[in-house]
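Notes follow the structure.
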Amino acid sequence: MPLEPELDELYREIILDHYRSPRNHAPLAHADVSEEGLNPLCGDEIALQLAFNDDRIAAIGWGGRGCSISQAAASMMSEAVLGRTAAEAEALRAAFEAMMSSGAEPDSELGDLEVLQGVNKFPVRIKCALLAWKVLAQALAARAGHSSRQPRQVERSR
Amino acid sequence: MLDVAAIRRDFPILARQVRGRRLVYLDNAATTQKPRQVIEALVRVYEQHNANPHRGVHTLATETTDLYEAARAHVARFINARRAEEVVFTENATAAINLVAHSWGRATLKPRDEVVLTHMEHHANLVPWQITAAETGAVLRFIPLLPDGTLDMDAARRLIGPATRIVAVTAMSNVLGTINDLRPLIDLAHEFGAVVLVDGAQSVPHIATDVQALHCDFLAFSAHKMLGPTGVGVLYGRYELLDRMGPFLAGGSMILKVEWERSRYNEVPWRFEAGTPNYADAIAFDAALDYLEALGMDAVREHEVQLTAYALGRLAEVDGMRIFGPPDATRRGGVISFYYGDIHPHDVGTVLDYAGVAVRAGHHCAQPLMQLLDVPATVRASFYVYNGRDDVDALTDALTETAKVFGYAARTRAG
Amino acid sequence: MLDVAAIRRDFPILARQVRGRRLVYLDNAATTQKPRQVIEALVRVYEQHNANPHRGVHTLATETTDLYEAARAHVARFINARRAEEVVFTENATAAINLVAHSWGRATLKPRDEVVLTHMEHHANLVPWQITAAETGAVLRFIPLLPDGTLDMDAARRLIGPATRIVAVTAMSNVLGTINDLRPLIDLAHEFGAVVLVDGAQSVPHIATDVQALHCDFLAFSAHKMLGPTGVGVLYGRYELLDRMGPFLAGGSMILKVEWERSRYNEVPWRFEAGTPNYADAIAFDAALDYLEALGMDAVREHEVQLTAYALGRLAEVDGMRIFGPPDATRRGGVISFYYGDIHPHDVGTVLDYAGVAVRAGHHCAQPLMQLLDVPATVRASFYVYNGRDDVDALTDALTETAKVFGYAARTRAG
Amino acid sequence: MPLEPELDELYREIILDHYRSPRNHAPLAHADVSEEGLNPLCGDEIALQLAFNDDRIAAIGWGGRGCSISQAAASMMSEAVLGRTAAEAEALRAAFEAMMSSGAEPDSELGDLEVLQGVNKFPVRIKCALLAWKVLAQALAARAGHSSRQPRQVERSR
C-alpha cells in the first residue's frame, strides 16, 4: 500500500524537519507581547512571544504542542518574521493566509513557506497551518494597542 | 405563477389516497410535505457522506462538515443575514425561541422589566416568556388585536416604552393569517433600546424575508414548515447580540476549553449547538431552500395571495361560515381559520377527513386567542405551493357534506 | 456470531470508496452508518404519512402520531422501561442530559449539595453540571480512575455520602472503552437517597440494557450512535421522577392549558417535548431498533468483544503503541484509543484517511481526561456490527505506513 | 360525494340527538362532588357534579363544551349512571372503557351506550367519547376519598 503522492505533498521533508527540530522553540526571557491560541478540534496550542527593537522583531519565541503541521508552521513562521518590521510581518501573514485559504498562487516572497501550500488540499488541516499566524496577528494587534486582555481563541476547528 | 400540476409531481405523498379519495392536504401551517429533491438529499447524506461533523479529520467527516456549514450559509443567504455565523441550528422554532428566552432573557431581564408580546402569539412565543418572566420578575405586556385581527398599533405605541426590554412578535399569525407590519414596531422598540424577536415560523416559508431590511434582532423558524425535514429549526441573531449571550444547552462542540470545574465556550454559532447536531436534516433543508428559490419566493407569495383570495370568496358563499382574520388576501397569509355554523371544529375535521381533505381542527397552539375569539377551537385550512383551486373546491364541497351530516342548513349560494 | 458480509450489504455507504480505497469506517463511537432499512423507513414517513402529530384529527396526523408513539413504546421495550411514558425524545443525548441538569438539577440542588461525576465523563455529562452547579451553589466531585482506566471504587465509596444528590456517570467511556460496573455505584447512591443518571450514549448501542435491572433513575442516549438517524436522543426517566419535574423547553404540545400569564403543563413525557418533535427521525429510529433486535444485542456484544480482543492483539504488535483503557476485552467496549510513538494523532488520522481508514483523532469531547492521560489527543478506532477483522488489519497496515511517513521506526512483530 | 357508511357509524342518529338535546346538562344546586377534565387537543371540557343518596347517584349535572362525540357521550353517561350505586356506575364505566379501548364486544348491560362503539374505528376520537367517563371516575374516586384537590387533567389528546 504505497502512499499517495498527494500525501507527500502534505508531509514535505522540510515540514517534517521543522517538526522534528523546531526553530525558536523556547520562551523569551523578555517579551514585549505574549499571545496564545488554540484549536479545539485537536487541542493544538501555540504560545508566542515577541520582543521588538523599535518596530522590528528582534527576538521571537514560541511554545505549544500539536500536530506536525501546526508545529512546523509555527517554526517556519518564527524564522520568516524574525528581523522584520511589524508591517512586513503583517504583509507576510496576509500573503500566507491568502495562499492557504484561497489556494492563490504563492507570493514569491514567501520563500520556504511555500511548501505549506500542499496543506491547501487538506481543508481540515488548513487551520493547523494558520494557527501560529493567527497568534502572530493577535500579537501584532496587541502591540499596536488593540489588545484584548484575555487569551483569544483562534479559529473554530473544522 | 406557479405550475401547480408540475409541482405536485415532485411530492410523492400527493399521489396517495385517503380512504379512497385524492389527498387534499390543507394542513400546511402545521407542517408541509416534502418534495423528492429533499428526500433524495437526505438519502444521499446517509448513503454517501455520513459522519459526525466538526470532530474528525477523515474524509467523511470533512464532507459532512462542509455540507452542514454550506446549509448554514444557505440559510443565511435565504434570509439575507450578514454572515453565516448569525444562523444557529436548533431542533425547531420552539427551541430557537427558548434559546433566546433563556440565554438572552434570563441573563438580561430584571424585575419589572417588560416583555411585550401580542394577543396572536403561538404558545411557542408565549410560554417560554411566561417561564422567563416568572424566573426574573419581568412582566408580560400584550399588544391587543383590532376586530379585523390586526395588531392595535395605537395600543402598541402606548405599551412599548422605556421599560420594554424585548418585543417578541409573530410575523404572521398561524390562526388569523394576519401579516403584521413589523417595521414600525421594530423601529419603536429600538427607539427605547429594546430588542425584537420575530417569530417567523409562518412567514419565512411563504414570504421573502430580509432580516437586514426588517432590522429585527432575532428571527426563529422551522424547516419542516417550508418543505424541509423535521428536527431542524433556525435561530437567526444579530452577531453582536449572539456573541454576548451565554450558552444554553451544554456539551460537546459548544466548548473551547474544558477543565473539571469550568469551561470556556466556543464561538458563535457553535456555542449554541451542543452535542451532535441534526446535520443530516440540516443538509436536506439546504435542498428545500434550493427548491423554494427555484420557484421564487415572490411567485410563492403571489400564488398564495391568489389562492387565498379565491378561498375566502368560496368560503364566504357557504352559509353560516364565520371566517377569522383580515378579509384582504394581500394583508394575510394562506391560513384561513373558520367556525362553521354550530358544528364543532373537531367534527368538521373528521367529516372533511372522510372526503380526503386534511385540515387542522383545534386551538392551533393559541388557546388564549381562542378565548378572545370566543370559540373553543377553529377549523384551519392552510396552503402551500402544491395547492390549487381544486383543493379549495374540495374543501367547500366537503363542508356542504358536513352540514348534511349535522343537519345544518348550509347552502352554498353559488356552488 | 454476526454475518459481517451480509450485514455490510445492508449499508449503502460501505460500498463507497475513499480516495480509491475501500471505506474502512472505524469512527462508530462518534456516529454509526445507517442500514437501508432505516433509510427506507425515513423515506416512507415522508412519502406516505407525514403530518404534524398530536395536533390533528385527519388521517395523516393520526398515522404519524401512531408511528411516533409506537417508536416511543419500542424504545421503552428496548431498554425494558416499565412504560412508554418513561421515554422522552430529545435532540440528542446531550439535550437529554441537559434536561435533567435543568429540570431536575436547578429545581433540586442547594448550595453545598454534591454532584458526583467521574474522571471519564464526556463533555455532555460534565459541562451541563458545571453550569447547574454554578447556578445552584452545588459542588462537583469526581470519582478518579485507576491506572487501568477503571473507576476507583474505594474512592467512590468515600465520595458518595449524605451530601450526594446525584451521581451522573457514563456506562461506558468513549475514550477508554471502560465498561463501568454501575450496579454497586447505583446502590451506593440510593443508600444515601441520591438519584443516578447513566450516560448510555456508548453502552446502549452495544450492550443489552435493562433499566429495571440496573436500577438507574435516568438514562440518556442517542439514536445516531445505534444505526438511527441524527436528531433523536432519548431520556429515560423513572415515571415518578419525571412526573415531579417541571418543564424545560416550552411551547406547543407540552402544555395542557395556556392563559396569558401562566400555563398548566402536560403529562409526562409530552411535558418535555415542546414544539413539533422530530417525528420522522424518531419513526426511522424504530426501524434501527428492529435491525438491532434482529441481530440480537447479545450477538452484537459478543461480536464486538471478539473483534476488540483481536484488535488489541494486533495493535499490541505495533512497536511504540500506547493503548489506553482496560486490557481485557470483556471489560471494555469496542473503542480503542491509542497514541502511536511520537506522532500526533491528527497526523495519524490524516495518513489513515489516505488508506481509506476513518478513525477519530482528537480529544473526543473529554479534554480533562486527555490531561490525566498526559496526551494532547488520541487516535480512536471504534467498532460496530459491520466491522470485521479485515478492518482491523487495514488499520494496522495503515499504521505501519504512517510510521514510514514520519520516519518512525515502527515494526509489527508479527505483521 | 356521498358519505361513507363508516361515517354514519360514527355519527349515529342517537348520538346527534344527544348532542343537540343534551340530558342533565345543568349544574346541580347541591352537589356532593364536582370534578372537571379537559382534552387539550380540541379544548373539550367537561365539568361534572354528583349528588348521592346513600351510595346511590341521586342527581347528576354536567356542563362543558366540545365536539358532538364528547358532548353526546357525556349526556348518555349522565342518563346511564343516574340512579345507580357508585359500584354499579364504576362497573359500567369499566365496561364502556373496555368497549372503546379494546374494541371488545359490548357488554349487553351497556344498552344505548353501545352506539358509541362506532367511535372505536376513529382512534383519534376515542378520547372524546371517554372524557366524561374519566371525569366520572375522578368524581367516584373523590367521593371514595382519594380525591386530588386541584382539577385533574384527563388524557393527553391524540
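Chains here go by letter, A, B, C and D, matching the order in which they are written, and residues are numbered from 1 within each.
Definition applied: contacts are C-beta pairs under 8 Å (C-beta built on N, C-alpha and C of every residue); 3 or more make two chains touch, one makes a residue touch a chain.
In this text the structure is predicted, and so the values were computed from the model without any measurement.
Colleague: Could you let me know which interface, A-C or A-B, is made of more C-beta pairs in contact?
Modeller: A-C
Colleague: Among the chains, which is located farthest from subunit B on the basis of C-alpha centroids?
Modeller: Max centre-to-centre separation from subunit B belongs to A.
Colleague: Just how far, in Å, is the C-alpha centre of subunit B from the one of subunit A?
Modeller: Roughly 46 Å separates the two chain centres.
Colleague: Can you work out the whole-Å distance between the CA centroids of subunit A and subunit D?
Modeller: Distance between chain centres, rounded to whole Å: 76 Å.
Colleague: Take the average of all CA coordinates in subunit B, do the same for subunit D, and state the distance between these two points in whole angstrom.
Modeller: That pair's centroid distance is 37 Å.
Colleague: Any chance you could list the residues of subunit C touching two or more other chains?
Modeller: 19, 55-57, 61, 255, 257, 346, 350, 361-362, 367
Colleague: Would you pick out the residues of subunit D that each touch at least 2 other chains?
Modeller: 41-42, 124-125
Colleague: Okay, in this complex, where on subunit B does subunit D touch?
Modeller: Residue list for subunit B touching subunit D: 19, 343-347, 350-351, 354-355, 361-363, 367, 370, 376-377, 397-398, 401, 404-407.
Colleague: For subunit A, which residues are in contact with subunit C within the complex?
Modeller: Touching subunit C from subunit A are residues 1, 3-4, 6-7, 10-11, 16, 41-45, 65-69, 122, 124-125, 128.
Colleague: Can you name the residues of subunit C that touch subunit D in the complex?
Modeller: On the subunit C side, the touching residues are 54-57, 61-62, 65-66, 255-257, 264, 266-267, 270.
Colleague: Within the complex, which stretch of subunit B touches subunit C?
Modeller: Checking each residue of subunit B against subunit C gives 12-13, 16, 18-19, 23, 25, 27, 30-31, 33-34, 38-39, 42-43, 46-52, 55-61, 91-95, 97-98, 101, 119, 122-128, 130-131, 134, 140, 142, 222, 224, 229-233, 247, 249-255, 257-263, 274-281, 346, 349-350, 352-353, 357-362, 365, 367-368.
Colleague: Would you pull the subunit D residues touching subunit C in the complex into a rising list?
Modeller: Against subunit C, the touching part of subunit D is residues 38, 40-42, 123-125, 153, 156-158.
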